[in-house]
Amino acid sequence: MSKIGVFICHCGENISATVNCGKVAEVAGKLEGVAYSTDYKYMCSDPGQTIIKQMIKEKGLDGVVVAACSPRMHEPTFRKACSEAGLNPYLCEMANLREHCSWVHDKSDATTQKAIDIVRTLVEKVKHNKPLSTIKVPVTKKALVIGGGIAGIQASLDIANAGHQVVLVEKEPSIGGHMSQLSETFPTLDCSQCILTPRMVEVAQHPNITLMTYAELEKLDGFIGNFKATIRKKAKSIDEKLCTGCGLCTTKCPTKKIPSEFNEGLGFRTAIYVPFPQAVPNKPVIDKLNCQYYLKGKCKVCEKVCPTGAIRFDQEDELVELEVGAVVVATGFNIMTTSEFPEYGYGKYPDVITGLQFERLASASGPTLGEIRRPSDGKIPEKIVFIACAGSRDPAKGKPYCSKICCMYTAKHAMLYQHKVHHGESYVFYMDIRAAGKNYDEFTRRAIVEDKVNYLRGRVSKVYEENGKLIVKGVDTLLNAKPVEIEVDMVVLASAGVANPGSEELAQKMHISYDAYNFFSEAHPKLKPVETNTAGIYLAGACQAPKDIPETVAAASGAAAKVAILFSQNELSREPVVAVVNRSAPPLYSTCVGCFMCATACPYSAIGEEEIKDRKGNVIKKVAKVNPGLCQGCGTCVAFCRSKSIDLDGYTNEQMYSEVMALLNE
Amino acid sequence: MTEFEPKIVAFVCNWCTYAGADLTGTSRIKYAQNVKIIRFPCTGRIDFMLLLKAFGEGADGIIVSGCHPNDCHYTSGNFHARRRWIMFRGLLDLLGIDVRRIQYSWVSAAEGAKWADVVNTTVTAIRELGPYTDYAKVANYLEKEANV
Amino acid sequence: MNELIQKAKSLLESDTVQVVIGYGKGSADKTRAIFLTKPEDCDQLLFDSRCVQNLAVYLTKHEIKHLGKPAIVAPIPVLRSILQLAVENQLKESDLVILGVSPESKLIEFDSFGAIELFLNAYKIQIDEKYKATIDKIKAMPVSERFAFWIKELEPCFKCYACRAACPLCYCPKCTVENNQPQWIPAASHLLGNLEWHVMRAMHLAGRCTDCEACYNACPMGIPIHLLTKSMLQDVEEHFGPYGPSVGKRNTLSSFNPDDKESFIR
Amino acid sequence: MKLGFYPGCSLTGSSREYNESILAISKVAGIELAEIPDWNCCGATAAHNLNHELSVSLPARNLALAELAEMEELVVPCAACFNRLVMTQRELNENESLLAIVSEKLQFKLKNNIKILNVIQFLEKYVLPQLDELVKKPLNQDVACYYGCLLVRPQKVMKADRFEDPMSMDLIMQKLGAKAIDWPFKTECCGAGFSVSKTEIVGELSGKIVRNAVDRGAKAIVVACPMCHSNLDMRRPAIESYLKRKVDVPVIYITQAIALAMGLTPKQAGLQRHFVPVNLSVTQN
Amino acid sequence: MKKNELSQNVRQFTGVDVVECYQCGKCTAGCPVADKMDIRPSVIMRMLQSGDADSEDELLRSLSIWLCLTCETCYSRCPMEIDIPKVMDYLRQRSLAEGKVHKEARDIVSFHKSFLNSIESNGRLHEVGLVMDYKLHSGNLLQDMTTAPGMLSRGKLHILPERIKDRKGLSRLFKGQTKNKKS
């Protein structure tokens, strides 16, 4: 016979205004197995908690139901109180009388009856509760940062400066990301590379940071504090220890016409290459898909000219296993390409370019050394149109969201153009100017007022080529929707920021959630902006949604702080809500029959095999076994198990069954 | 004549619908008293037998609700649940167990108003269908036998 | 037929297997399962259209396992069950020798589960039109009538569990009905308990059943419980695409597709 | 092989040559086109401008007749008719109450599942596979393929690939030995139904199209729509008065181009019926 | 008219919710006849959004709704996938029903009416009959006198109409119309 205590909270008047708390306490007191029942104005207050603690001791309670607010609010409070009184905290349950009853119904007998039903249900649950103990897990104080753009760089430096080891993995041959491609940055117009490259060098030289470029995450297992990451280091075909970065190989390589990724296809690179002069590390890799030797088996010019003999054609991908305690995902974003715009020519007009391509044209290190020249014939465009919201805020193109950065960079582009082509004429077609940020609106105003950029409110319907000119068919919606046709030399699309290709697979590898646009989802949009739903994995920067540089850096530092907080502990405690496979007396040993449907359904790969042996050591059968460190307690396996051999602590079959029975049987 | 007040059990997940129902409370949106919630960690945990048991114990209607696709706290519990529901619903329908009495929904932690709406429309719908006497007759057969 | 007998003999003679599970003459005009441990007994083996029992059920039975490694006479329904058992980790290739029997009564030997799967590709599970029509007819009834129909059909069930015993996929050593904490299914046979048992049985076979009809054939009361699993097979196909056991693939219900479609969740 | 065929009014009158040429090439390709018995006008622009129900019920009658004749696929060469039939099919599939009204008036329960092919889809599916063998006299010309509105829009219904720059006709023309030029006016509107009532608008819109094609070196404009054809061909005076210059580029149906390449005579292709004379050089071999 | 009367009817009869339009103007930018319109497509959407009775009346009296060629360019490029041509169809029918057809659009309406008359009596379009009927109704007696002889000589005109057999079935379609009236 259980001895359960029921404690009804008035929550000031929040509950008692519509629920007759005294009546609930009275009825609860008569329930089978209830040894004590009372109501009180504020259960969560000190005196309230004292009542609970006293009664646990006085009545020798073996279960507690606190009928108050949502367990999402005060479950930890009351469990702690129980534990202080010597009762296992997991023998305490909360009945939600406030959010689920008093606040959503008017005062009536039916409301009080519902409160009674809820309490009765939880009393029945508690009768089947078992004492549980929190799970302790150690913390590996090493972080994995995925992505070496500004977000990954900032997060790595912050974590490293807090005194922890960091492994920074970047898929390209160099760190730097999109920020290294930018010409100048808004709203200060300071040179992007000038502020970024010192940070890149700092990463390379930091004693706490291990840099792995040309590498990708292959697999991530484990859980907070105890991840096991497998990194694929792609073969660079170079012995990095021998290579001095002299660059002779890149000047002699005969395959010179490969569109440069760094220059967004506006320039060329060789097959053995360093993406850009300031690259970190400044050592080349061989692009196997384009190298003559790999394609045709002949060439090896680089090998011949290399003064240190560092070329390794037989190098193979290497898989490295790392144990890390936390992961920061900083994989960044991408933008829509011109080919995704049917109405602007499907990418067939060379002088219709993206904003990122314009950055390369405007950059001093770019293919035109900073002169604005159009890709088709290298002429300086006399007239140029910038189209904002190209793809963004466009549900028909699958991107209903605002990409956030385009208004600012378009203003910057127009400004840079006016600064570089003084006699030029620039037009910006926009829908709204979204320049919320420190000194941002002033910046866009400057483009209009000082640099005489023509802003037209309206979207462009079509761009086509006619006699070497681009005809832009737009509209000025502020002029009674007057159709506007402008003949220009170049069109720049402020194309939407999108998730990186492959982010879906990456998210699945890491078991983190992602939104409908494949951006990674934060755990809470307001209060947990850098956490993911998987404990121990954090987000930094534009892999979450388009972000500008300051926002990205802030998020990166935020994620780094979260990692540092995690690493400040030696051990972590976890709720003991985990699945357990049953054990029974021989000859069954366990009713589990080893079909492993649970294992295939488990989102965390937390279910493995266990061999059950007899005394002589012969294997009798294989059954499922839950790794409590990996199990997150969803219970999906439990609902799959046909023989009810697996159960979930905290939400056992008996508990849930009794709740249903109690709820429906007054 | 007093109106028929259906008994409805809601099986909801902790992270989305339970939290969404909390938000309904915090927002003081009123809804019918007929629905009582049982909290599960995830829709993936909800055993189909519990639904059947609820009808057996006299429920007139059932709500099953959890996180929207792609929003599962455990990444895929709701996807598994959805498959199970699709199969379960088909079977119940074949057996003539009234599938209109089970309302499935996705209610996120942010959809307090949607929760109130799901509850109210379900209560109205069940009220229109009336008490689940077909099932009760079968269930009561058990009691009759026990009384003999 | 000779071919099969010779093969069985040689397997026992060489001690490759210790028991041959096959069909033999039963009472009256029926056939029954026989378990041969001596080569000379192999002449009792027969195979014809009367051999409808699903022998795969014996592969997971304790008593049979004790006899040693088996060879099993396996027409198509048995092959399907073997494959499904393999998917569920109940059989390994080295556990048994499969004496496949083609629809033309030809002996086919399979050296791997993959080979069975390849062979079965030509014999996809297909619900008979007459069953489809029956299911459609039931579905067309008003809901109350449908419920009454089934309650009446299920009423004679006295929980003998022959359906369970005959099903190759009901191999749990302790069935949920034997579980009393909680007591999911009442032990006694009465309307509600019968209904609950059959719902549970069908749900446990969802996405696993290979449509061998052993349950129906075994039912002493002739309850058309196979209609439940057949209807669910149709549902699987409709919602999740063509179905059939496949090595290395998950069961329909322990997998999912983020784009699974339904129309009833609001 | 027998396919359902809905010529539509234009093909019996002002666009006879379209009808003649599609029948001629089908014969060569061994395809029988069976006309829907007792078909009626689709209602065209007039119906959907003035009377929504008629804009659905008129095409629906034809669909019903086709179903009665057990046609599975229906070839509709006129782009306007095609558009109306497809839009009707979609609307009836989406709007049950309208389907009920229409079914009652037709006294016929529509299954509404017939596959409707426009001329390009028809050519791609049935003629293109044999074209390599059937081309006897390759066309050696620069042509501009003009698709107009109705074959590609609304994109949500027509689901054309590259709806802003379609290529299907271009590919067929290349098979015939012609060079299809790249030009930006492939899907601009010609003025459509204003041919009679607002001829000056047709002159302007069609004028821009013709000018662009000519300026880019097209020696012929290839079309697949009677309305486009009559606007570009018959309304040439209006076009010329808008452009303030004389343009003699001929406008031919894609079926006529195929007929010529198959070695049929200009008369078999119906070229004599055009206002702007057609003088296409064909490589002799 | 009450506030929002027209936009509510638009929603009811076309399924288009004009509130979805965020006034980017792409429809107008691509419209082949926008420069000839008195009210441009995006402004039409805005006027419907305003729900203002004067604006709605102005809309029904506009020339624009008759100039729309249903070329579907706006719909194909609309980021919000708003079916503007369908809205135009509805507005035309309302304008006609309320006798608010713009005077410059009367020839267009006459043409369409003649067209439907031709179908109603023959089942198929009789081009000669259509043009004659149109000329009588529009008063543009001399229009197109130049093309007709050419068409005749090219065998493109039939003097007598082609008629379908099932005239009864056809006339059912024209009778008892459920009109898109005000609700």
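First chain written, first letter: the chains are A, B, C, D and E, and each begins at residue 1.
Just so we're on the same page, a contact is a pair of C-beta atoms (placed from the backbone, for glycine too) under 8 Å apart; a residue touches a chain by one contact, two chains touch by 3 or more.
The structure presented is a predicted model; accordingly, all values stated were derived computationally and were not measured.
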Required minimum of steps from chain B to chain C, each step between chains that touch | 1
Which chains lie in contact with each of chain C and chain E?
-> A
If you tally contacting C-beta pairs, which pair wins, A-D or A-B?
-> A-B
Which chain's centre, taken as the mean of its Cα atoms, is farthest from the centre of chain C?
-> E
Once you find the CA centre of chain A and the CA centre of chain B, what distance in Å lies between them?
-> 32
Distance in whole angstrom between the CA centres of chain A and chain C is 45
Rounded Å distance between chain A and chain E, as computed from the means of their C-alpha atoms = 51
Name the residues of chain E that each touch 2 or more other chains.
-> 73, 81
Junction residues of chain C, two or more chains touched = 184, 253-255
Check: chain A positions touching at least 2 other chains come out as 343, 462, 601, 640, 653, 657
All pairs of touching chains, please: list them by chain label.
-> A-B, A-C, A-D, A-E, B-C, D-E
Spell out the residues on chain D that touch chain E in their complex, using ranges where they run on.
-> 9-10, 12-16, 38-41, 43-55, 57-58, 61, 101, 105-107, 149, 152-156, 163, 187-189, 191-194, 196-199, 201, 205, 234, 237, 272-275
Which part of chain A faces chain B closely enough to touch in the complex?
-> 70-73, 96, 98-101, 103-106, 108, 110-111, 113-114, 117-118, 121, 511-516, 521, 533-534, 577, 601, 603-604, 632-636, 638-640, 648, 650-651, 653, 656-657, 659-661, 663-665
Once bound in the complex, which stretches of chain E touch chain A?
-> 22-31, 34-35, 40-43, 73, 77-81
In the complex formed with chain D, which residues of chain E make contact?
-> 13, 32-33, 36, 67, 69-73, 75-76, 81, 83, 85, 89-90, 92-93, 96, 107-113, 115-116, 118-119, 123-125, 127, 131, 134, 138, 143-144, 146-147, 150-151, 154-158, 162, 164-166, 169-170, 172-174, 177-178, 180
Residues of chain C defined as touching chain A within the complex = 88-90, 171-176, 179, 181-182, 184, 204, 250-251, 253-255
